[in-house]
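Every chain is named by a letter (A, B, C, D, E and F) in the order it is written, and numbering of its residues begins at 1.
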Amino acid sequence: MPFVTVKLLEGRSDEQKKALVEKVTEAVSETAAAPKENIYVIIEEIAKEHLGHAGIRKSDQ
Amino acid sequence: MPFVTVKLLEGRSDEQKKALVEKVTEAVSETAAAPKENIYVIIEEIAKEHLGHAGIRKSDQ
Amino acid sequence: MPFVTVKLLEGRSDEQKKALVEKVTEAVSETAAAPKENIYVIIEEIAKEHLGHAGIRKSDQ
Amino acid sequence: MPFVTVKLLEGRSDEQKKALVEKVTEAVSETAAAPKENIYVIIEEIAKEHLGHAGIRKSDQ
Amino acid sequence: MPFVTVKLLEGRSDEQKKALVEKVTEAVSETAAAPKENIYVIIEEIAKEHLGHAGIRKSDQ
Amino acid sequence: MPFVTVKLLEGRSDEQKKALVEKVTEAVSETAAAPKENIYVIIEEIAKEHLGHAGIRKSDQ
């Protein structure tokens, strides 16, 4: 621990995901004084059909 | 915020998911006095192989 | 299943939480064609110090 | 309730998942004094591209 | 990884929680062929006011 | 969206939590090309009694 879960819409490139894990780990390590070896980051991709904002799905906008 | 996550078995139609986002957003907005623009709903579908009840998976019933 | 998790800022009354569980259950039952006996709703309250939007915590706004 | 979520890397066999649901349910029932009928277990598989440890994704190791 | 989250109603003793972490870790290790050093278990206690089943909260039953 | 959840052991200062929200938001915005206004960060603190690693709780180590 710390365990970080990042939920975001589908569509990011592999390079973006690689950089996201690296930079988020750095940010958490630096601010929470946690050794990087203790930090896990999980990316959860959400399809447009499965994300609603203000009652409307991204796929219906 | 509020953020609502709805975990349910795979198999609902696109129309059902559309209505679910709409009606759940209304229900939360009405009861929690939260403007709809602040409400996000995420649907997470679970495969039968990945859901167990009383020790038995839905795929093994 | 379905399992619904509602994350929202601390501060709602007991009456609001009671109504939220009732209305969200109705909304999910009606739209996902799920018997109410299968539906669980969990409320998770978030403190202002623990919620950030656009990089700023609600407690620092 | 209890609701158990098990997040693990993709790749377990169907037999392993079947046994995991059974044994985890037993463990929770026995130690938390919860009837098995009240226990749900959800398996969430994570792709290697979506799991980072110490800033590096499993897919980049 | 694996990461296990166990959501259960408030009220278990410290001994029960200790045993739950131990037995759940054993069950996951044995069935998912995962070394115990890779397994994390998080207990999340839910208050009766925050858990609804079939539209009614445990605190209102 | 993106929604980021950071689970970490209880005990960080208010200043650490403030910086964590700021830096994690920056990291996600920069790498996932997401406007900061779309990014939410939730901190979830875990008590030592509720976190197990390799079958042993932090409170029992």
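The rule we apply is simple: a residue touches a chain if its C-beta (ideal position, glycine included) is under 8 Å from a C-beta of that chain, and two chains touch if they have at least 3 such contacts.
If you want to know which protein each chain is, UniProt gives these names: A, B, C, D, E, F = Tautomerase.
Because the structure is a prediction, the values reported are computed rather than measured.
Looking at which positions face the partner, chain E and chain F present mostly different ones, since fewer than half of the interface numbers are shared. Here C-D and D-E were compared by C-beta pairs in contact; the pair with more is D-E.
Our note on geometry: chain B versus chain C, Cα centroid distance of 12 Å, whole angstroms.
The centroid of the Cα atoms in chain C and the matching centroid in chain F are 20 Å apart. Distance between chain B and chain F, defined via averaged C-alpha coordinates, is recorded as 24 Å. For chain E, residues that reach two or more other chains under the stated contact definition are 1, 3, 7, 22, 24, 26, 40, 42, 46, 51. Residues 14, 17-18, 21-22, 24-26, 29, 36-37, 39-45 of chain A are the ones touching chain D in the complex. Touching chain D in their complex are the following residues of chain E: 1-9, 12, 16, 19-20, 22-24, 26-28, 30-34, 46, 51. Looking at the complex, you find that chain E touches chain C at residues 7, 46, 49-57, 60. Contact residues of chain D toward chain C in the complex are 1, 3, 40.
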